[in-house]
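What follows is a pair of complexes built around subunit A, which joins subunit B in one and subunit C in the other.
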Partner chain A sequence: MSLLKPFSKTPEINGANILLVENEEQFQQCLAETIVLQNMNVNVNVRLARSLPLPMENEKSRPRIDLVVFIINLTSEASFKSAETSLKYLDPGYFLGKVCFVVTKARSAVPPERLIAVRKLAASLHCPLLYAEDQTTEGVTTTAHRLLAILRVTAGLIPMATSLYLSTLTCYTLPSDTDQLNFD
Partner chain B sequence: MLSMDDSTKFILKRLIRRIPLQMLQKTLSKWTYLREDLDSLDFKQSKYIFTECLLSLFEEKGTTVKRITELEMIYVIENPNQGMWHGFQLSDAEEDAPTVDLIQFKEQFKAHLIELNSHVSIKIKKHTDEAIWIRIAWGSNFTNPNHLKPTYAVHHLQTPYVFVNGLSLKHKPLLFQALVLATRYGSMKDAHLSGRKLTAIRDLLMRQYQQMFPTKHPRPLQEKNPVPTNPKIEKEQAVNTENRMQVACEAFGDGKLPELQKAVYQLETKFRDDSNKTLKSREEPFRGVVEFSSTNLLESLRHAVSSGIAATPVSALLPAITQKRRNRFIITDK
Partner chain C sequence: MAEASNSFSSELGSSNETDESVSNRSSNRSLRLAEKSQRKSEASDPLLLALKYFSEVKAGTPRIGNDVMERNMALVERVGLSRGLPPEGISVMLDYAMSLRMGAVPCVRVLKFLIPATVVPQEAIVRGMAWLCVGKLAVSTQVFFLKWVLTIFDMIDSKEQLRAIYGFIFSFVTEEQLCPFICHLLYLLTRKESVRPFRVRKLLEVQTKLGRQPFLMHLLSLYKVFCPGFVAVSLPSGIRGGFRSHNSQWKTVLSAVQKKNNGQVTSDICLTLGAKCKPNSRKRKCNHLQLPSLSSSVQRSSSTSRKVFPLEQLHSFSQLLENLHRIELPSQMGSLLGSSLALCYLDYVQDDSAFLRLNFWLGHALHEEFIFCNGEEGSGSSSESLNFLNRLLSTQHFLQEGFFSTEGFLFKFLNVWDGAFLRPQILGLLSDISVVPSSCIRQLLFEPLMQLYFTSTLYFKCSVIECLNNMLLKWLTWHSVYALKDGLDISLNSHTPMNMSLSGLMDSIMELVHFVGRLATVGLQLEGCHSLLLSFTLDFYETVCDMFLKFDLPLVAMPPLGVFLPALFATDPVSVDRLCFIMYRYKKNLMAAKCQQQETKQGFHISSQTYREFNRYQLIIVSCLWNSKMFQPGMAVEVDQNILALSKVPEPSHSFNLIHHPAFLGYALDFHHKCWPERESIDLNSIKAGKQWDWYLEFIFTQGFQGLQQFFQSFISRHSVAGTTAQGPGDTQPTSG
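Up next is the complex of A and B:
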């Protein structure tokens, strides 16, 4: 079992690396293309994976991963399960602000239990949870911008801000049952 | 002046209602019976008025039901993707089966079917693509042939396949017997293949689509369709993706696939769970049905495999649709 570690490699100058993990490889691909197209002063590289652990043979060529994004398609149980198992192959250091969850297709009729399960998962790991619209280009661009904003902090490109500092502000907290009632 | 009876009028009205307005002109112009009168018809009118005009014209001409069935056949042959088509396979060919020609088939089929049930109205037409179209309206001793619910059968001469639409259980043995005798085969059985698109069923059953055969040496897929990738995007599990594409293509074929709507797997097995004694000790097999449906099932399955939604390796039951050319399976214990 090879754990993915956040600090095992030296960072690149003015560079940031993001790892998108999605079981279905659909939203992942178009999100990656959008991220790369965004005009940034930073050199952003995207790595795509279906699940963790990542293959050993890429170990050498793989740069330091600054942000791991789990994309969960709410309409598929397999998507959630895959993300859940993949989490075990991440070094605990990543959970100090370098992991993020993105939920897609939350709009279509999905069992509410699954959404609650994802929310619980994000809250228990102190990670931010984003909802993404994958059908429109605007939705994908927005998601790309939000991820890049987090990535810039986690890659250490923003002075005075660290991923741990950010995570305390952006991490998802599960609303209590009373809030939940009002919310519905 | 001849006049049409009410049932003929009703049949005509029903038929005109079935044909969309934009296709009416094309369909009617193919009908030799109406060739001279075509100019007098105004296709820009609303469909209701147009139908009334057509009715009065036919009344003048004294059109019979037989003529109207001609029009129906023209329309159905042009638009075969309606209703449910079932594939059937003829087997045990006799020695002279390959020599059956259209005229012989026509005579034989009509003679045999009328012998079995004299109250039928049969129409046979040869289409340009070598297919013989048979339209049968069934009647009984007490009723006239019902032209509102005809059975269509399509047979390609010199092939052992027949495609049937709108056949009731009651008339099945009659049609089978007449077809078997007319085509000089020994028997006919269900091919367990059905779908809404006749062309798809035909292509699949007669293997007229682009197929791919499993090979031991995988072809490099990149050469076939080079996908321009951004150097900044890197796939960690690229090898897996390629493998999956390869598996999907081998399992379901390459390129365009015939459009099937359904695949049904019927399981008949012994119940295997020691905790439930009642079910386990039952004599009768335990039955379960799994049905896959989609507007284009084979395409969906291939996509599910190539995108990784379905686990690989693919269960042998799914590629069996194209390999065994059927979409209804009964799985039993060995």
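Up next is the complex of A and C:
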């Protein structure tokens, strides 16, 4: 029961660490493989977890995590619930731009309330909300590219840009009109 | 009633298994029959017998343990699910089912396999509606029947008789559970003469009871199109969504049956139309995206007194001209997308109800396929979706305007888009949208685009900027084409209820320009001023700088410093050249605007802020490229001398002139080599002196840098070019007004 802290460890030179959290462990694996395969100038280290908190025993050897990604499968209620409970084990410092949500299966026949709940969650935490096509290789590659684009900033690899700066541009804001949430 | 619906739902719940077992059993049982029939190649013979049985069976015949009935039912079911039933079969079975001659259980079963092979006779539907009025059916069965009617609606041979009983159908809107489906059915049947004040009143009454439901709004908006006088209430323009899609089980079977029968049914239409190619090769899992083949509702009843010309018989443009006055629109509007002649006609008639119907069909199809896809594999970028969107794109280009249902779909889709799925098509459609009012442009367009843009790759960023550039171009073109003489009221798109004032349009365009300014500024920073992104950004500003002269829009907006400086200090000379060209065009526009202001005394007002920015930018360019007075006091970019000294650059103010600028250094070396081929050491400063500077400029201009040349000729007086003593920007500069 320990909080994951964004600044408790020193960063590595030319390194970036991303943590993918997914309860179902479906999309996680292939996304991780795709991320590692991308040609980057820095060493990208992908870590996987089903949920937070992370186990204590690896605490010492674990590098600094630059970006925490919650993968939520919209067709499963458990996926959303798990992400919601995991959020409690993150240091508030992470919410200054180092957390993002990836939603899969948003374009299918899912109850609209669940999509709205995810949107509300992302908006209340000021996090970006990405939608992913997890069924096609092209979709997985795109998601990997997008996560890397965020990771580059949160790991401090882009001069003059910080994660907080990016999050002001990408964070999901709730439409003022609640009827509009459905976009009907 | 409640009991009945309960039994029905339990029936539904277990229906899948029983269906399968039944069909298995039936296939075994009727194997002999089928083989025989195949041998005789008279497939319809046992079917006819079975149908005869169902047409003659007496009411009250026991169902349980009735082997004859079971055998006949299984046979018809098998035929229905595999090949579809002939029109008379549909008639007989529907009548048998709806009359509840053997109770409610077979009724649902019959409805499930009632798949038409070719068409559905309208008499059957009328009789079915009559049974609905008897009121013996359970509500859930009634809903089931209506869903079936909606599914096969396009296969009903003629709708005249159905329209004749419009009033009977309308009476069901008060039934709460039936209302959505009844509204949908009425929507498809409504004609101008069916709109009556008492019906409008009834609908409004239902609306107060049920709330503002989309199905009621849709029907009301159609009524409003036909008779604006009757419907006084204001309806939101372009109600998004549509009638709830009831993903019925019929669709898959229906499409399979149609595919099987496709050869006979659609091939002749394919021949005559040409636009709809290879219907046989299309394989679809759902029916949504298939452009229906052109068939007007009068196809079969051609002997009627009204002389009409069905669209599917149209082969040439001259034919269209001859028959323009008596063309009947097809029963399914989606088929129009496939034919350019039909689109010509549609564009000519300007029929609001036709557009409404087309938009409705389109919105429904887009929503089903891309947002609410029930697909097992989420409908990847299959060639069907691709073809469909490409067809839609070419239709919109043909009509030179977007459909409002496409817009509604896009605004919704952007919120669940990953930024890669069908990217060229989606961005293409997006650039076609009509002007979005500035009050909601942020929420509908900018917010979702921003989230996608800042988390995506360079190439996506470039394509977004390109898309927004195209969007701006379309808006400006609309303005220059549709703007009325008094320049106050423009109706941008005659088919959307949106009328926009000039100031409203200008607000939207201003928002768009500022938005792209932000995107470009931060994007360039994140991507390290990538030349590709810079190039797309400059494309955009090439459109922006000429808004007044080219499109007659009284608006001048300058690029932000975050775009200007990266372009000026770019390492490729093309960007610098294009920036100079853009500044030159800005000057032309500002001068023209100022002239107009002075002549007519009532031109448009350009804020002094714009002039200040413009003057500052031209001062920066001149002092940087020409005068080598960069960083000096009063020269727009001021940097403290002590800080400059820390950089240990010998002459910082000279480092960005046309000789030392990283983009032009190569040209300077080349020029130096050509001027003094015998020199051992290179002294670039010698280019600065006297005649060489003029020659050097000539040399640069001959390399194709037209932008630099135009900037130079318009901003700097010729006599003052003698190197370091050049005067600042000429006296021709517009001052703040």
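Everything that follows uses one rule, which is that the second predicted complex is superposed on the first by the 180 of 184 C-alpha atoms of A that agree within 3 Å, B and C clash if a C-alpha of one lies under 4 Å from a C-alpha of the other, contacts with A are read in each partner's own complex, and residues count from 1 in each chain.
Just so we're on the same page, a contact is a pair of C-beta atoms (placed from the backbone, for glycine too) under 8 Å apart; a residue touches a chain by one contact, two chains touch by 3 or more.
Here the structure is a predicted model, which means the values were calculated and not measured.
More residues of subunit A lie in touch with C than with the remaining chain of the pair subunit B and subunit C.
Of the two partner chains, subunit C is the only one touched by A:G139; subunit B is not.
Shared-chain residue A:N23: touches subunit B; no touch with subunit C. In the superposed model, A:L129 makes contact with subunit C only, not with subunit B.
Of the two partner chains placed by superposition, A:E113 touches none, neither subunit B nor subunit C.
In the superposition on chain A, contact is made by A:T173 with subunit C only, not with subunit B.
Within the complex, the subunit A residues that touch subunit C are 100, 105-109, 115, 128-133, 135-136, 138-139, 141-143, 145-146, 149-150, 153, 158-161, 166, 169-170, 172-173, 175-176, 180, 183-184. Those residues of subunit B lying in contact with subunit A across their complex are 230, 232-237, 239-241, 307-309.
Every residue of subunit A that touches subunit B in the complex is listed here, in rising order: 19, 23-26, 32-33, 36, 43-51, 54-55, 58, 62, 76, 78.
The part of subunit C that touches subunit A in the complex is made up of residues 214, 240-241, 247, 370-375, 377-378, 380-381, 411-412, 415-421, 443, 447, 450-451, 454-457, 522, 525-526, 528.
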